[in-house]
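Listed below are the structures to be examined.
Okay, so chain A shows up in both of these, paired with chain B first and chain C after.
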Partner chain A sequence: MKSTTRAFGNALYVLPAIALIGLFVYYPLGANIVFSFFTFRAGNGAMEPAGFENLARLFEDPVIRTALWNNVLYAVASIVCQVFGSLIVAAWLTHLLGRRMGAFLRSVYFLPAVISMTVIALLFTFVFNARGGLLNELLSSIGLGHLQAAWLADPDTAMGAVISVSQWQSIGYVCMLYVVALQQIPQDYYEAASLDGAGRIRQFFTITVPQAKEMIFVAMILTISGAFTVFNEPYILTKGGPGNASQVLATYMYNQGFFQNQMGYASAIASLIFLITLLLSIVQMLSFRSGKD
Partner chain B sequence: MTGMRMRPAERLRQLPVYVLLLLYAIVIAYPLLWMVVSSFKSSSEIFADPWGLPSTWLVQNYAQAWERGISDYFINSVVVTVLATVATVAIATLCAYGMVRIGGRLANAILIVAMGGLVVAPQVSLIPLYRLLDAMGLLDTYWAMILPYVAFRLPMAILLIRSVFLGIPHELVDAATIDGCRSLGVLRHVYLPLSASVLTTATVLTGYFAWNEFLFAIVYIDADVLRTIPAGLMSFRDSLSTEWGVLLAGLTIAALPIVVVFIMLQRYFVAGVAAGSVKG
Partner chain C sequence: MRGNLRIAAAALAVAALALPLAACGSSEPGTNDGQVEIDFFHRWPNEPKNSYYADVVAEFEKKNPDIKVNVESVLNDAYKDKVKVVAGSANAPDVLFTWSGSFVNELVKSDALMDLGPWLEKDSAFRDSFYESQLTPFQIDGKQYGLPVGMQSKLFFYNKDVFEELGLTPPATWDEFIDVLDAIKESGRTPIEYGAQEQWTIAHYVGTLNQRVVDPAVFAADQDPAKGKFTDPGYVEALERFQDLTEYMNDDMTAVGHEIARNAWIAGDAPIMYMQSAEVGYFGEAKFDFGTFNFPAVDGGKGDPRELTGAPEGFAISKSTKHPDEAKRFLEFLLSKQNGIAYAEKAGELSAVKGAVEEADVPEISKELAQGIVDASAMTTWLDNAYDPQIVQAYLSETQLMLSGQQTPEGVMKAVQEAAKRVRDAS
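Moving on, here comes the complex of A and B:
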């Protein structure tokens, strides 16, 4: 009798959390997959079965191809800048600078990661403005005026500009991740290697990279899934435009659902995003397991 | 090899690296500095002389930004952030405590539910959540932000807090029980005092997320009076057209609290980053 009351009491502790996660995280996830097979509009319109119509449309819609391609570009740029670039910066910060200077620069680099993307994106519209924008002003003042562009309004440069803002915000964040990992590497390894005559670059590849392997992997998964779910930067900077030049899956989903009012199709796009992030999570879990053996 | 122990010749050889690191610091810091300095300028001065200091420092840009919308957004952000953060940390603490008490397979099952929640990106739930909140009559209320924020941040908070709770020795719990503490008393007198640091980390991380969240805030809130800063800044920008100084003042007001909190509580941010969790 006493153990039942105890079990009941324990259940009360976990219940609120489980109920909230179940209702607001798991239920919508399941519902979204079901919604992909219906046609419906916002508000209390009826849902009509649509079979595989929405899913088939995913394969025919050229904007989906543009969006997916942009997400891939996003992922590639993020891997180069955040996974590899940040590692080099972190290694410099930890190994070349004194404790104080390293910690100071680390904080400066991290700063953009705490600021809301709305603030950053609106600030960068001043940087990318065609007329009087900081980037164009800078280019003309150093004699590179011919490189000036309407960065966010030109379909050729819009996506690159949006991606660069993301990198600007996130490199310092991943760098902080790495610094925490690199500080765990025993100093003796480096001292032994340098006694053996290994230079800094060699030490980087034979000690730093293997020792930080796990964190590199975490950063990889984090940035790739971030790249395939990105919404804020393109939405605020370009709304996916001009045309659909900087459309990504999440902005296109939002656009289809809340502007075109095609909720079923938008759900299908969301399911596609989910499928991609799910695959990434499975890869992550499998490799974590194999890493532990 | 730390920088301290390097010989001067070695230092000289590393000079290009120092220059690069410094340049990168400028690339990061300059736009933010530019935002603050230009927020004291008039639109025409920002356009005519983007690099210089203001000829007169227009402090009234801040008063204008505050009056023309930022004050409402600011208060909404504070309310939503405080409620979401308190609820998340409290509910996660109870859940983590319950998991430690339950133990065994059942606790593992709960752990898997929580970890699974980490995998789900909010973008994927956008439309069903919209319908759910609509059906509950919660669209266009604070709850349309608070409830999803809590639900989406609970998994990480639970994992963080549970990992610390697991390390608390059983002897302490037994001693407290003998002293007549009931289960909530054990939580209060044994677990919480030993978990101050992780609770602060969880608070900082949740607060940071709620303060900056954008997607739910623009989709589930239509009424301008209920908007939080990240969503409100969009309509603020549209309503200002070309008053750039005022817009930049608004951006500075929006960024300032979180930057101050970051500077004061930096080590908790670092702890959160180490747990792989700052970004939503």
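Moving on, here comes the complex of A and C:
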């Protein structure tokens, strides 16, 4: 009896949080899936049932393919740069540099993560500007003038330019996560390994990487789901243009919903994004079996 | 005793929390001292118009102490997105900015705007103070949903000094135009400055070319969402003409924003640029004489070459407004002749109130431009205001790819036809 009242009391404490999450996360999530089956406009309650029309259109729409491909590129670049690149930087910062220098450089790398994305994106429009932008000027001053491009305006380079901005910003953040993990690895392991004659690189792969596995997993989830929900960078830098060359799922969803006023189709795209991130998370959870060992 | 104290403290805390809430509640309906609050939403957080509207509002409040006007503003593209969401909602602004054509139509379809017809019938003097041609673009199914604040037209602005130096005159036909462009190119200059990074600039070129080339009956029929097919070969030809023109433009056009291009034109980089009448206000630093000419006739084109591309923009009243009378009083003040004159003088815009620009103390070119709009045989509305947003999106993004050399005119029209089919099916 006593334990049930206690359980009830405990539940009472959790209730507000559950109610809030339910109202602001799960209800919209469910409503969004329902909305995918309707045709409606913003600012007007009239909803017409559309059956599977919106979902069918997802498969026919060539822009969805472009956007999906761009998201995949985003994810691949993010894994290479943020998950693996950051780990190398973090190992370098914690093991190879002195305490002072390491702390200083940590802040330097972390700084971009605290600058607002809007500011960064505006900054990079100057870097990538075709007329006298920093990057083009740099290229011409080091004799690589033939590589100059209209970075954000050329359909071939726009997506790459947008992706590079995100990497620039996020490496420091993920790096910080790794630094925390690496500092918890007992120094004895490294000493023992070096006594056995293992070099720095061997130590990195046999001690650092396995010990940081949990954090690699966290970084993986963060960057991949981030890559499939990315919005700010492409929206501010290119608005998905030129044409639809740098459209990602989230910007295309926004464009459909708020520019073309196709709220039902936008909901269908939102459901697609949710499905993709959900599947990816499940796959990752299963493959890493985290939290147990 | 102690328990009582604690309860008292708790009660106080609750009261402290509730008080500001209560205050919010009472001011909401705007019954403070009998003062009514109305919300005004426009699209100019930038100068000079932001302060122009702030001044107008301050003056209105001084003359009407019983009304308080809350102003909110966001820029251009953001406005387009935001207004679609707030209009029609419970928090809809009472008086709001709108473009004419499909934009006002979108708002009407969302059931967000008040039919101003009955009011204007009673107050016919107010109605007659506007140029008739500027009222029609705000009519949907014969009902007046908006009133014009400014007239807009799109013209080629040219550098008179360069034209004089090369012995050129403003062209009227396509061949003359190409001759002029060739002559400028031979003199070692880029003939036309163009910034195509923002997609609406594409709408202006393509919209005009479509009107010049395509049969007027087909052109008008395609503006009806239920009928638009876009299968006329004229549309492809219009895009081919556009491609011809790009040969005479700066190579980096797709990477350049309109403002940067305009500054380059003002700096004298290229002698010709396609711009809006309202942009004259930015030409202050130009060190040369400038003139204008309308988009030349296109050979074999079926449209009237004397038509001028452009459309008025204006204001509307929310259908859900709780203070229709106050909103009307504000709108009437906002669009008075006196403010029309001030609008021309302070913001360089062409007021749609009869005689306002004529009487205003503005450069001669502004008066000529206003007269040009009043005299035009007809106005061609902006492409991005003429069609459903789905068609506009396909049209502009595919044409932008065409400018980067990754799409053909036929490919653009194929995408447009697909979008038009979706729109037809939905209506």
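The working rule: the second predicted complex is superposed on the first by the 263 of 293 C-alpha atoms of A that agree within 3 Å, B and C clash if a C-alpha of one lies under 4 Å from a C-alpha of the other, contacts with A are read in each partner's own complex, and residues count from 1 in each chain.
Going forward, a contact is a pair of C-beta atoms (placed from the backbone, for glycine too) under 8 Å apart; a residue touches a chain by one contact, two chains touch by 3 or more.
As the structure is a computational prediction, the values presented were derived from the model and not from experiment.
By the touch criterion stated above, A:Phe258 is placed in contact with chain B and with chain C alike.
Of the two partner chains, chain B is the only one touched by A:Leu29; chain C is not. Once the two complexes are overlaid on the shared chain, A:Ala42 sits against chain B and chain C alike.
Once chain A of one complex is fitted onto chain A of the other, the partner contacts of A:Ala150 are limited to chain C, with no touch recorded for chain B.
In the superposed model, A:Val80 lies in contact with neither chain B nor chain C. Counting the residues of chain A touched by each of chain B and chain C gives the higher count for B.
Of the two partner chains, chain C is the only one touched by A:Gly241; chain B is not.
Common to the chain B and chain C interfaces on chain A are residues 42-44, 258. The touching residues of chain C, when paired with chain A in their complex, are 80-81, 84-89, 106, 109-112, 197, 199, 252, 254-256, 260, 389-390, 393, 397-398, 400-401, 403-404, 406-407, 426.
Those residues of chain A that touch chain C in the complex are listed here as 39, 41-44, 129-131, 150, 152-155, 240-245, 255, 258-262. Across the complex, chain B meets chain A through its residues 1-4, 6, 14, 17-18, 20-21, 24-25, 27-29, 31-32, 34-35, 38, 46-47, 50-51, 91-92, 94-95, 97-99, 101-102, 110, 113-114, 116-117, 119-121, 123-132, 134, 147-148, 150-152, 154-155, 158, 183, 208, 211-212, 214-215, 219, 229-231, 233-234, 237, 244, 247-248, 251, 254-255, 258-259, 261-263, 266, 269-270, 273-274, 276, 278-279.
Taken in their complex, chain A has these residues touching chain B: 7, 9-14, 16-18, 20-29, 31-32, 35, 42-44, 89, 92-93, 95-99, 101-102, 105, 107-119, 122-124, 126-127, 132, 134, 137, 168, 170, 172-173, 176-177, 180, 187, 190-191, 194, 218, 222, 225-226, 229, 231-232, 236, 250, 253-254, 257-258, 263, 266-267, 270-271, 273-274, 277-278, 281.
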